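First subunit A sits with subunit B, and in the next complex the same chain sits with subunit C.
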Partner chain A sequence: MKKTAVRSFDPDVAKMLAITIVIFVIMVVLNGNFAKSSNLTSMCYQLPELGLYSLAMMMVMLTGGIDLSVVSIGNLSAILAAKIMKYATTNGFSGIKLFCFVILGIIVALCVGCFFGAINGLVVSKIKIVPMLATMATSEIIEGISIILTQGHSVNGAPEQFTRYGATTLAAIPYSMWILILVIMFTAFLLHRTRFGFEAKMVGSNPKASHFTGMNTSQVYTKAYLYSGVVSSICGIMILMRTNAAKADYAVTYVMQAILCAVLGATNPNGGHAKVTCMVLALLSLQFLSSGFNMMHLSSYFKEFTWGLLLIAVLALNFLTDYIRQKKGQHKAVQTTGSAAS
Partner chain B sequence: MKRLCKTSQFALFALLVITILVFGVMNHDILSVASLYSLARTCTVPAIFALAIMVVMVIGELDMSYCMIGAFSSYAVFFALHEKSITKFPLLVIFLAAVGISIVLQLLNWFLIDQLHILSFIATLGTQTFLKGAILAFVGSSYIYDIPKSAVDFGTTYLLSASYKSGVATQLPLAVIIMIGMYVLMNLILEHTVFGRKLYAIGGDPDAAKRAGINVSQTRLIAFIIVGVICGIGGVVHNCLGRCSLPMPTDLVGQELNGIAAVVLGRGASQRAKGTVSGTLIGVLLLQFISNNLIMIGVPSYYQGFVTGLIIFVGLVTQTQIGSTLFSKILGKKGAVQ
Partner chain C sequence: MKAIVEVQNLYKSFYGALALNGMNFTINEGEIRCLIGENGCGKSTLIKVISGFHSFDSGELIINNKRYEKITTAEAIAEGIQVIYQDFSLFPNMTIAENIMMYSTVAERKIHVDWNDIKASAKKILDQVGFEIDPNLYVAGLSVAQKQMVAICRAIVQKAKLLIMDEPTTALTTKEVQRLFEIVRRLKDSGVSVLFVSHKLDEVSQICDSYTIMRNGRRVFQSDVGDAKITNEEIVYYMTGKRYSNSKFTYVPKNDIPAMKVNGLCYKKAFRDIQFTLRKGEVLGITGLLGCGRSELAKALFGLITPTKGSIEISGKNVGIFRNVEEAIRYKIAYVPEDRLTEGLHLDQSIADNIIARIIRDYTNKAGIVNVKRLKKKQYESMNLMEVTGMIPGNPANSLSGGNQQKIVLMKWLASEPNILILNCPTVGVDVGAKSDIHNIIKDLAIEKGIGVIVVSNDNYELMQTCNRVLVMKEGCVVEELFIKDQTLDEFEMMTERAES
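The block that comes next holds the complex of A and B.
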């Protein structure tokens, strides 16, 4: 991690850090209980769902695409896992047999994520449909499959031995938060330390040039969508673990929120640029806003209002800083040296 | 006839006709006049909103907020009338007020997209979230049932009515005329005026359009004003037909992608045009026809999402290079792909 020193002075990270701290301070001033451990723990329970979907979205956005099917993939995996686990509980399995069924459910869910992620990737890279429209269509199809499977009802009845982990903590941090932390670490590793991460950035910033340098661009796309599918299905399993229910249209608004969170977190929607640290900060600031407003007994609509405003404000701020930088005649390359950390 | 076959919308039109015939064979009621009226009625609002997103897509942008803007402006007007407990109010003024509000909101979009160079999809996602929160948190969150009499009258004036064999009557509402009028007008503007050609030029390549002497920023401004007008009218028509005003109609907000799907389906095999008026109308008709009549041929309603998704997907595949090669191979045509 020799780059850490440089990256901490990165203007994007600095800006996002400042925003997060300002929101945190405002919330602490407005409600006394905000910084209490009980509130922080409850935030840890709410955070991972959006966090995982945003990570999935971020990886696809890095390659210049978008994945609108994250939530439907998550829901379908959760439904299949729930069905398998329900079979085990209704037949009264216990002990090692039950454990096997839980593992089977999780594996099937992950396979669903892999399968539809790969399909998304192939459709985008091989058939060359615009990512937004392609994933929109697949999301509709996947949601359709979920509705056909469940007929619109929610599936519950996962064994208590499994759902218990959704409500308990390990070392004062909920299990779901641990999952998020692991995925974040894995993503950071993938982005900054592997060939795939590098290739994804290159393909995102200029697909044609990367193609001519000999990269297998379609493979990179497929991998990115595969990653997104798998992370979405992890999220689906986690939601099942926490709520003990899987539903075809659970939390469909997460798609938009995930895009919002990824873009706030300095992911370039045109591709080629993403920072895990920024995204985590964006996630935190959104959660601070929503928890804080909740504690002030403001409606959840107010939260949505501020989220939208925040997105527009940050984008406008990005434009302004870019504009000023251009006026000063500074080139983009100067950014990384840390001189422009303002 | 030969020229007609060559237009890019022909494949879609053929698909629509085939679907209608297949459905009609399965259930003869679908081929009745009553079914046509019911289709026209359900199509009115989606068709108006699809026209709005089509204009945005023609200039090469995307809008996720158009439905929300329509709903917002209409609800704001009806809410103000409700608060002042006015029950008699000229319909034209309601339309004008809603159109005015939605133009202002679309200008915000224009400012973000054109002046601040924010990616349109993201910017309008922001406005959508922001407006959704704003209307529910600051304006109101209750349904308004006592909308002015003129609006109710407009929604319940029927041109014609017919009934199925079972005796269920369907009517053709007056609002259909507005929808058709808007399509005809938009077709004239886009296909037969210099301004319309400018829009397509910008959609094709903004830089090239600029070098060709088009004032890109100004043209986009006018385009967004047009979108605002369409959204405002759409919102009011939606509320009039439903005879109540609601802050966040779930059949509009959250269904933005259906409008986009209609436009995408309608642009046909040639990717040159980013959207056409006639194609959009056929796209809306196809999507609405399927969702309307799936249940009539005995398919349970929960298959609806799957089938709609599949149709959009097939439509998308036929538009790509690989897809259209395949498509023309099946049809045995030569040189169809260019």
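The block that comes next holds the complex of A and C.
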């Protein structure tokens, strides 16, 4: 027997990589400017928001759930952070005092993510409400809180010392992109090197068998939603940093797009399977599509159209490769029996 | 004699694995033929090819003297081939009459549905089969045996010439099996051939005229009507290609502290006042009829349900009762559940991951980070503990047959080096070869590693083979303690039956 599970190149990753490259090449052919550094940098500014929400979604989907409250958690986090920072700027704080308020804002924002993530997790695991309904309800609650806090207006006035990082780069890569990269690395570590990552996968695949194996399933669910909440908060803070505005209904379409991106990136909606590499590639291909069409001055609605098309194309491709794999296996099998007989 | 279905040199593969490897098979008119083979030998594939569910790669399929290159399910039905699968594929929300008549009504392409006609025809078929029941009852409320009758009636309505039954006796009681056999014989008399797929050898020899035995996608034995019946030992030999010696388990008493001692354990109405001692290196059987509380007791010993009263001693230390699985795991107890498909395995996850599902906690530090290197080493060791044919660690667990899946469940638990192993019906739906393997593993564990093993089962043969002591439960109490010495199986069966009644 071969040594345990020698990993060959994952077919899902290979497929997604090929798709991403094909889309990139098509876009370069269609627009001469696509591969220019200015465009690549601008993509790096746009990509992290959907990226973080998709990671949050992916982790919850791995456990067989779904989190519809990611965007509202992000927005509420941003609103609270913005309010705290605005207090500092309107009072004319500067230096260390201003710095403390910025940090306080960030901490409060992260606490919002922790709190509502934990609430989601407990409602799903302890009260056993279907994740879709549970997170839809919390999403409405959180959005309600946001609207009450802001009266529906957007909150701005975060200090320039903070928002500056939303528009600048470190080593030619925007800070927001760095945040995404760090979260991706952390997530990959979580999935492959920690007990939680393993248990999340197993619980997503079969909660009953996991319970029979001694895993604490409700703890695993809670941790997954907690992760989702915190990552959503990070996304909220990042959005505030980039736009210097926090609004109760900012970019609500991200919820659906995050699901799309996760599923495109080989996350199984029934739970048990998720691949960070695949999801990152899916994210890139979606960004290439939207930037590319944007450069051709097509309506932004066209983006949605192509994204939907891409999802269907990938699902169809999955079906097709599965079919071919079966056919190919057939020939191989017939040949091997032939040689065995001779 | 006229052949209904003839299969020659048939090949079929899935993802490179050969399911049918040059299969030859014939079934004649008015014959009850039995198709026997271990799990994964290609029985189901053969049925599915004949019934048009799967296409085949190469070979010949001749039905009613007509050669088919390809056959669809509709064509197979038109040729009179009907399959009754284990789940019967009935509509629980419809009545018996509707279920029986539905397909033929649809096939007639009538726009108007004549309910009186449907009821009358259904009644006629029920009478013909000799099944007395009100056709207006809903299928959801029927017992397994009754559902099976409905499925048989539905097949007859569609003018079945060949009725294929996949493991028809699995969920039936002895009486129900006899009724089924009566009906099968009556069908045969009316000219319908029956292909009986089973691996219960006693039943097979009662009902069948002829046998086809498969191994590794090939026919290894075929007898025809009128040929002398072959013995069960021979059937097992053909199925597995091996001869099995039935050596019983012998326990050598040691003066040790008992591995587990149970004092006055109670749980609601399921069981009460359970008292027993399990010594190290002993295999203790627990048996009893369905609903006697044996399954609940096994679960309580593993913390899956919390007993209402009583206490458990582990290695002479009183540990109270287990409130959850984690507590039981802490005392090195392992539990192989009754239903490996839903409780024992993560079917869509890789075999390698299934094996470390239990032990990953032992290779994790306080921060939750896994020591991958050490875990991989242990995983590799555990995988080589027993022989599993066709195992590729990276493939999902559902790529294996039932017996091999059960071995994976065992590997998962043995990796944790338990002191006490509880097995709840360890060989249900497992084929002969794997069953014997699993029994040998159980015995070895007790003898070599001194593990205290509890086997909960209602399979008397299994208890005879593996245990040195058997507790018989009735209505939640232990009513008898039997020592296995050199009784025959019949004697043992009589002893347990007497205790149960």
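Criterion: the second predicted complex is superposed on the first by the 311 of 342 C-alpha atoms of A that agree within 3 Å, B and C clash if a C-alpha of one lies under 4 Å from a C-alpha of the other, contacts with A are read in each partner's own complex, and residues count from 1 in each chain.
The working rule: a residue touches a chain if its C-beta (ideal position, glycine included) is under 8 Å from a C-beta of that chain, and two chains touch if they have at least 3 such contacts.
Because the structure is predicted, anything quoted here is derived from the model rather than measured.
Engineer: If we overlay the two complexes on their shared chain A, which of subunit B and subunit C does A:Met43 touch? Say first, second, both or neither.
Structural biologist: neither
Engineer: Looking at the overlay, what does A:Ser299 touch: subunit B (first), subunit C (second), both, or neither?
Structural biologist: In the superposed model, A:Ser299 contacts subunit B only, not subunit C.
Engineer: Per the contact definition in the header, classify A:His273: touching subunit B only (first), subunit C only (second), both, or neither.
Structural biologist: After superposition on chain A, A:His273 lies in contact with subunit C alone.
Engineer: Check whether A:Asn206 is in contact with subunit B, with subunit C, with both or with neither, and answer first, second, both or neither.
Structural biologist: Second partner only, subunit C.
Engineer: Considering only touches as defined above, state whether A:Ala134 meets subunit B (first), subunit C (second), both or neither.
Structural biologist: The first partner, subunit B, only.
Engineer: Touching A:Ala316 in the superposition: subunit B (first), subunit C (second), both, neither?
Structural biologist: After superposition on chain A, A:Ala316 lies in contact with subunit B alone.
Engineer: Is A:Leu260 contacted by the first partner subunit B, the second partner subunit C, both or neither?
Structural biologist: First partner only, subunit B.
Engineer: Residue by residue on subunit A, keep only those touching subunit B in one complex and subunit C in the other, then list them.
Structural biologist: none
Engineer: With touch defined as at the start, can you tell me which subunit A residues reach subunit C in the complex?
Structural biologist: Checking each residue of subunit A against subunit C gives 1-7, 193-196, 198-199, 201-202, 205-206, 208-216, 272-273, 325-326, 328-330, 332-334, 337.
Engineer: Please output the residues of subunit B touching subunit A within their complex, sorted ascending.
Structural biologist: Touching subunit A from subunit B are residues 62, 64, 112, 116-119, 121-123, 125-138, 141, 254, 257, 260-261, 264, 300, 302-310, 312-313, 316-317, 319-323.
Engineer: What residues of subunit A sit close enough to touch subunit B in their complex?
Structural biologist: 66, 68, 126-129, 132-134, 136-145, 147-148, 151-152, 252, 256, 259-260, 263, 269-270, 298-299, 301-309, 311-312, 315-316, 319
Engineer: Which residues, counting only subunit C, touch subunit A once they are in their complex?
Structural biologist: For this pair, the touching residues of subunit C are 11, 13-18, 21-22, 57-58, 304, 325-326, 328-329, 335, 337, 342-350, 352-353, 356-358, 360-361, 364, 368-370, 372, 376, 379-380, 383-384, 391, 393-394, 412.
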